[in-house]
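Structures incoming, each one as structure tokens.
Paired with chain B in one complex and with chain C in the other, chain A is shared by the two complexes that follow.
Up next, the complex of A and B:
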């Protein structure tokens, strides 16, 4: 019950933030220079053509009317019509979210497992050569430009060794994969399309690896820091002084206490991954949410910009909320 | 029980030595990078925008030390000259973010009330986005160019400093020396300037170098996507972007060198920041 009340209160707190995001995006995209209509019409269009197009997208209305229309649509889950493609933004977005979530989800999962393992390993050897190497590795991971790392992996994995497919999509079109969720590996598994399974898996390796390295570094540092804190705590010292076996200490005391921090770390890293995925998708021509949102921004496609900004903000704050709930559930000391 | 010896006993001296090494190596890298930026014209025989019509995509060696790109421009010269823009924008942007963020945090933290409420709600909206996404959106709307990029990167970072300083000020303002200053008749402005500002900057000093590295990555990422600095201006991110098709064709020299330069510089900031952090931690443990 307390958890429900907590979630309710937090959701209420989100409303002003998200409303602020909605208003700010709506205004900024219109106030700042750039015209979505001119970019679809081409250079030879007359002023009358432009006016007609504006009327078609409702851009001739006063701004408060446009805003009310937009809000009215939002309530029913309708994000409007893309000016660039003329298609429904909700539909386009649904197609684009799958591929991106597939990438982010796989990469973040791998990074979390690796970070826990390496971080605890490193903390138990604090101030030894092994620990210092892990930390230097984490510093490298923190400092490496992901998009460049992606290119280096392409150079090695595709151009030099030829082990992985060219960075030009998510699956070989010859496999005739039926799109269901947009996440190609999952679609291939559901439809039992053998060639598509291996093709989409092969296409996933390099982009996932790129994201993992970028995401692993900050996670690793945090896991190491919180494991160190546990190791230096009195509770752990007491347990160790009682002569508990090594395995019990590691599993029952160290790993569990460190894991309690994980939800908030994962949430933070989710945000980093969302940012990185825009670059990684660009490098590998992934055609996901990031590339869609980027195109929308570049062409000032108002409905696309509004929808993608709102969805990212919503996903981000929601992930933090989930993290707090899971944290409270894992750690009995947390009062919510 | 051998493994018990591996348990971390706080070893101040060894800790300190690693921190010191990090700080020295980090600053060393940054000094070299700054020197390379300053003396770039002396270190290269081609201009950063000079086109060699007879030598597009020339392999390294020969006339072009690191080869030339698809436009026939010298990669080595451009890598060196790009350090000016990349370091310049990153450092300026972080400085601006620190100044603006600190001032806002100071006001919000010390004055409290509606000022605090309004400022923190704005910070909330900014922090509802992953930082790179925010930078992407702001720069797509604001446009590229040197000053717009400084403003974009500063705007994205300032809220974090505001929050940091605000938290610090809120603990500081309960301290007795602030009470003492108040009773001895110091003005609000005087307290903020003389007592709160210097003391609330402690965490900022550790974060700022790390933030500079992040700013460089952001700048290069934006340019890579075509939103930041554009060709022909020498900038690492746009150079990497220009070489994308070369990479697929197996030519390494147009994209790899600028990325390496970027990695090394960011690493310099990371090492410095990590060292400072380690030293601060060691101090607070003692």
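Up next, the complex of A and C:
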């Protein structure tokens, strides 16, 4: 009950935050140098052509009028029309969001589970060979750039070993997958398309692995550090001094106390992962949200940039809200 | 059962080496309560760690820790796992820190029951409830669901005891189980340990720095000094006729409620780097001769079960020169009446209320409810009460750190609220944490001169006054350039007192000035405070939860309970002839040397369970409560020389006689 009230209050706070984001991005994209109309018309277009195009996209209106139109559209769920493609931004985004969310969710979930498991394992064997190898791995993951890691994984997994499909998309087109959500694995599961399930899963392995290695490192280090702190705490020493068996100590006295601080970091890492996808998607030709937003920004496609910033802000706020709720659930001392 | 023989522990750290224990031997039998006593750094906790096989890393132990025939020091992992909990279980010093914060206390107890008593979940839950009830937790089934942070200090200590007894150990070890608890609670907790020994036949090892308070429940006492056992013997013997000079110093350092004054022993405990080759106490000992400084005394048996390591066992009575009557003269207020009347009023608190508002809107905590005080120059007022009674709020109120929501506070005839910066320096405070109350980045000289700078005194004058204050504290002027972290606790508190004294204020507030110090250092500081408080130039407020320290030098005493004054009067009158049931209970629970006096009033519940909405504040805990008490607010009425807020006082002696017979 209390948690529901908290969630409700935080969702209400979302309104002013998103409003601020809308205003800021709307102004910022217009301050940036570059003209979207020139970039679609090419160098040979006349001034008249440009004016006509401007009028078509409503860019000839005074700026406050443009803003009010944009805001009115947002209320009805209309993000405007892409200047570059002429298609509806809402429709384009729906197509692009699914694949990226699929990638990020799977990667972050795997990274969190691995980090908890490896971090606690490593802390309990502090300063042994196992612990040192885990820490070296974390350092390695932290310092390797994703695009390079992606290329190496393609070289090894596709070119040398041939275990995984070429980095040329998200699913084999021959499987005739009907797109529903845009997340291919989920679509395949919903439609019960057997070949599509295996094809999309195989396509996911390398990009997910790339993201996991990059994202795992900070989580792993944090889990290890806080597990060490718990292991050295008086409370843990007291439980150990009372002769409780290892299993009880691990499950009841170490794990939950260690995880208390993880949610807020995991939320931050989720944000980083969302950013990393731009490069990972590029390397694996993954037609996703990151690539779309990047192209929008490069061509000064105002509606696309505004929509993508808004969605990213929304995702951040939502993920932090989830993190706070999980934190409160893990730590009885936190009052929400 | 426990047989420690010639145990030595040396801890190697990079760059230094500490001999934590040197040739320690003693034993604990089933059903016996043994007290392990000494000051911090004496090695008490190291003994406890050695018994459960949890010595810190880098330590090297020799000797034998025999437990039921096995040697703990030579146990393998499996044997240790069996030994911990089942063999010896420990109650940790800070129970709230030693309970896992993310697991309900019920689960933590059930874990122990399942592990050590082979119970299944359901039976464990049942006996967890019984164990909680056995250690005096009301509403056990609800408390089982509580997390540690939801418990008060006393409650957490009870839970800790139930956790340790839940392991069904042969030996129960309690590391400072009553530190930080109030007197009324201390008795109750100690009784739990006696109970564990008597009914379950467990051996109990009670570790404490306070010999007087644990002696009552102990069968035997072991006194540690600098990692060596200096005296072992039956509790009554060691408590009343101690033979080792250190034991005597320890006992004499603690002031007594019945009027005995603390006698200070100079110096502090040395840090051993190797096993001592001489008597470690020799530098501080008044009876030390060349023999003591050159050879280490062997442990010799004096009579059955009583042994000590000293060349010069002392025999004369402990308090030869302190009789309550001449202590009044020695502390410098033989004629309190006259000096008090002659003085001007330096503090007047009238019907002050303090309410700490909760962060949003309604509600809040009523910390003080109508307190009135008056102090004249040269007078010392003692303020006593359990934690949470509003003592510290009163100190803050006097210093102008909190605003009264009703009533007024005047220092030197001027309302605290209207004081200017310079006038604020007229009241000074000495804090509980001596090192924490000095700014870590300022030298001692800067710290002492702080009030002078605030009062805009010139630099030359400041230096002069600082040195004068320092001399009064018997400190060398070389200390002036040091930083707080380079000071010992005793030195830091002397600096704190010098800082309070330097501007010749009208009022000094001492807020528990000795409770963070070691026993022998405490006695030294109490000497200094008694000297300072006797000055005619200023009034003093001495706040303490320890009744005995207040008795040492206060002229008048105020007993606070839940923000109200329940009794007030001249110090000897209140202590020797208490009126209010609460004062009687407090005094009855205070530890005394030599005699065991049972309280004639026993409070029925813990403080945190008492709710004081209407009527007498004590109503929920008072054994003599009637409906009138619950509905009527009690005000201070004169009874003899003191005043107390209880309408049943004339009937009390008869009531107490009835309940005890």
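Here, the second predicted complex is superposed on the first by the 319 of 336 C-alpha atoms of A that agree within 3 Å, B and C clash if a C-alpha of one lies under 4 Å from a C-alpha of the other, contacts with A are read in each partner's own complex, and residues count from 1 in each chain.
Rule of thumb we're sticking to: a residue touches a chain if its C-beta (ideal position, glycine included) is under 8 Å from a C-beta of that chain, and two chains touch if they have at least 3 such contacts.
Here the structure is a predicted model, which means the values were calculated and not measured.
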| item | value |
| --- | --- |
| Which superposed partner A:189 touches (first chain B, second chain C, both, neither) | neither |
| Partner chain(s) touched by A:248 [first = chain B, second = chain C, both, neither] | second |
| Touching partner for A:239 - first (chain B), second (chain C), both, neither | second |
| Partner chain(s) touched by A:95 [first = chain B, second = chain C, both, neither] | neither |
| Partner chain in contact with A:125 - chain B first, chain C second, else both or neither | first |
| Chain A residues touched by each partner, larger count belonging to chain B or chain C | B |
| Contacts of A:52 with chain B and chain C, given as first, second, both or neither | neither |
| Shared chain A surface residues [contacts with chain B and with chain C] | 240 |
| Footprint of chain B on chain A - complex, ascending | 16-18, 20-21, 24, 28-29, 32-34, 123-128, 132, 135, 139-140, 142-149, 151-152, 154-155, 158-160, 166-167, 228, 231-232, 240, 246, 271-272, 274-276, 278-279, 282-283, 294, 297-298, 305, 309, 312-313, 316-317 |
| Residues of chain C that touch chain A when the two form their complex | 52, 54, 81-86, 89-90, 92, 94, 97-103, 107-108, 111-112, 114-116, 147, 149, 163-164, 167 |
| Residue ranges of chain A in contact with chain C within the complex | 233-245, 248, 252-253, 256-257, 260, 330-333 |
| Interface residues, chain B side, partner chain A - complex | 3-4, 6-8, 10-11, 14-15, 18, 121, 124-125, 128-133, 136-137, 140-143, 213, 217, 220-221, 224-227, 237, 240, 243-244, 247-250, 252, 255-256, 259, 262-263, 266-267, 269-271, 274 |
